[in-house]
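Here the structure comes first, spelled out in structure tokens, and everything after it is commentary.
As written, the chains take the letters A, B and C, and residue 1 is the first residue of each chain.
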Amino acid sequence: MMSVITFARSNALPLLRTSITARIQSTTASLSSLVRVEDKQGYAVVSMHKPPVNSLSLEMIQALSESLSELEKNKCKGFILTSACPGIFSAGLDIREMYQPTEGRLKEFWSSLQTLWLQLYGSKMASVALINVRICHAPAGGCLLAMCCDSRIMVNGKAKIGLNETKLGIVAPFWFKDTFVNTIGVRQSERALQLGSLFSPEEALKIGLVDRVLPDTEAATAVAESELKEFLQIPAMARYLSKMRIREAALKGLVENRETDLNTFVNFATTDAVQKGLGIYLQSLAKKN
Amino acid sequence: MMSVITFARSNALPLLRTSITARIQSTTASLSSLVRVEDKQGYAVVSMHKPPVNSLSLEMIQALSESLSELEKNKCKGFILTSACPGIFSAGLDIREMYQPTEGRLKEFWSSLQTLWLQLYGSKMASVALINVRICHAPAGGCLLAMCCDSRIMVNGKAKIGLNETKLGIVAPFWFKDTFVNTIGVRQSERALQLGSLFSPEEALKIGLVDRVLPDTEAATAVAESELKEFLQIPAMARYLSKMRIREAALKGLVENRETDLNTFVNFATTDAVQKGLGIYLQSLAKKN
Amino acid sequence: MMSVITFARSNALPLLRTSITARIQSTTASLSSLVRVEDKQGYAVVSMHKPPVNSLSLEMIQALSESLSELEKNKCKGFILTSACPGIFSAGLDIREMYQPTEGRLKEFWSSLQTLWLQLYGSKMASVALINVRICHAPAGGCLLAMCCDSRIMVNGKAKIGLNETKLGIVAPFWFKDTFVNTIGVRQSERALQLGSLFSPEEALKIGLVDRVLPDTEAATAVAESELKEFLQIPAMARYLSKMRIREAALKGLVENRETDLNTFVNFATTDAVQKGLGIYLQSLAKKN
């Protein structure tokens, strides 16, 4: 049964029982079309739907954030995070948000991403990423979203997954790195972060970046569902607190350094060198289309 | 040559050269029958013998703790930790210690477990866990004891090993988690802690929870012995200090938070919800027997 | 084109933009013969050449350190670290530096090793270790040098690699341990540090101590070159800062504890027990030759 939730202004979530406030300020009716939430009995399917490539613009990030807030408010126990754009999971952060931005919007963009990560990585809900890529890779921000889930199921194909920031001359923030290290370990992270490596499904499976690889979307969907149900069979509070045992240090790292991280990002993104690089990159994309 | 040591009141051990005191208070003659210590030339075999399942009651924990103290006092260089109950390693903490307890005994129970972990995980002696399970799993506390050793040899069979606390609605203490992460890494711990996973011998081998799997007890015993001898060939002080390089952070974590951890446990265990859950669980066990 | 650089007195490098000063004091013309630097287009090949086994004496350590300083000064982007002694990478620290030393030289020896590690592990340059061993193992200090590089390519053969300090009754310093853990993880480090394990090329590959094993030096050299070129294709600043995300905690660990580590080493090395052990060991080496 498909039901698209219209997201009302949602209150800030008490995350980690600390002073984090989800700084979700603006919501418009249009946000609701960016993320589709399907109510399955006992869990939800959250599908990104921002054609062509589910790029993470400010509005997309806020729509995801509000979907999660809404689900938690409705006592939802778990969700599958996936894409409603065929062959694509998410192409990552929307580069256009960083090119010739107003400072206000750039700050809101990054702060919203911080909030989304804190929500997703520290979620009380169980979560499985169904990475139904075939056409487009799941780089950077797309890989980050998947790593925040409790399990990752990937469809086999030519598309790859990874944190490829260095290939664009930029550096993954420390909390991307912490998430990466918690997922694939120190040495693999060291190498892959430096090289901006994108991994094929089989390679990703081998280093532990994904947990299962299935031949097609149908098979992957079935496994994602059974995987989520396995998590949902565990008493919820014990499961959540056990997750926090592992993730709380990384979450605390961002909570305590949000402002510094925000300023670092804004200063970096607005340097002449980065702006020039982004301009060239966007021009090359425009020519392709 | 079999010799059952009768444990006298033992003094607190200077552990980590810090102010840890092994709070072993009560000892009775009957403790000596719970743990059998066999003197092999150059090392010892420490066998848990509390039928039917080597559950870790207060007395069992203290008996293990005193066996280790006694061995260290006698300049023993290393030991194999195993079970004298056929087909069983240890079923973990004795749930009955937590059900309708007196506060005094509950505190002594938990404090004794802390002491045992500090002794075993920080032991100057080399140690090999010979996990001779076939009938009964080695969950929770049983798995913890094995992880504290320097090497783990498991007999193949239907029995499993892991930290399954969440399946009972409880959460492994942070020092169980630290031991787990140091053994199988962050990602495997994150998943297994949440799901309360119990691993077959082959699965445990694959994720590094055990080091060798052998087809039967005889073969496993031979490997455990040769493994221990390999550790014993290394100059003892250099070997011990190298172990401390890796384990000292985790050990320090409990030493500095013993009281907090004790209070957290006592408060948690005595909540109505947990007491009710334990009651139902114990009733179900009673019906089985 | 082969060009042997003659090393002039080099200034201390600003490392990690902190107050580290590379305490390179004495240089003599003879240092230049210990390390050969070959200029390839876009990168360098740094070859240790101190027959018979590239032992790391004070002069050898300083020559390596100065080679790196010189390369950075010349804006070199990357290098292959290898050996010009056939069949040998490096036998590790020169034991003779520790036997009946003057305190001044012993301190300079250890301080120089600290400096070399800080330079190599925190290098802005990309680096690949070409471990062209066949005859002689790459233990202790030799293994450390390799682990500091961004990638390790090893020639297959009978020679082994590892941190074997405990076998000589000594303990790897904490920063050796940190480098080890960052490379092969906690559990493998715990076991290998205790046992002083030396790994065959295939074993080293399996635990991640090396990244590739090739059948001969020619094949290994080709792979080392293509591997380095892969790192060099990445924008240099983004690559370097990504490396620092992973390594900065370990680097900071030594920067903040240099004096303590130096004193610990000097006190330990000059104890009667260690001096006696080293004497016996050196006598046994002398008899072999």
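Keep in mind that, in the parts below, a contact is a pair of C-beta atoms (placed from the backbone, for glycine too) under 8 Å apart; a residue touches a chain by one contact, two chains touch by 3 or more.
All values reported here derive from a predicted model rather than from experimental measurement.
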| item | value |
| --- | --- |
| Degree value of the rotation bringing subunit A onto subunit C, based on Cα positions, nearest 5 | 120 |
| Same-site or different-site touching of subunit B by its copy subunit C, using the half cut | different |
| Between subunit B and subunit C, centroid-to-centroid distance (C-alpha), Å | 39 |
| Two or more partner chains touched - positions in subunit B | 181, 185 |
| Subunit C-facing residues of subunit A, complex | 165-172, 174, 177, 181, 185-187, 189-191, 193-196 |
| Of subunit C, residues touching subunit A in the complex | 126, 150-151, 181-185, 208, 211, 230-231, 234-235, 237-239, 241-243, 245-247 |
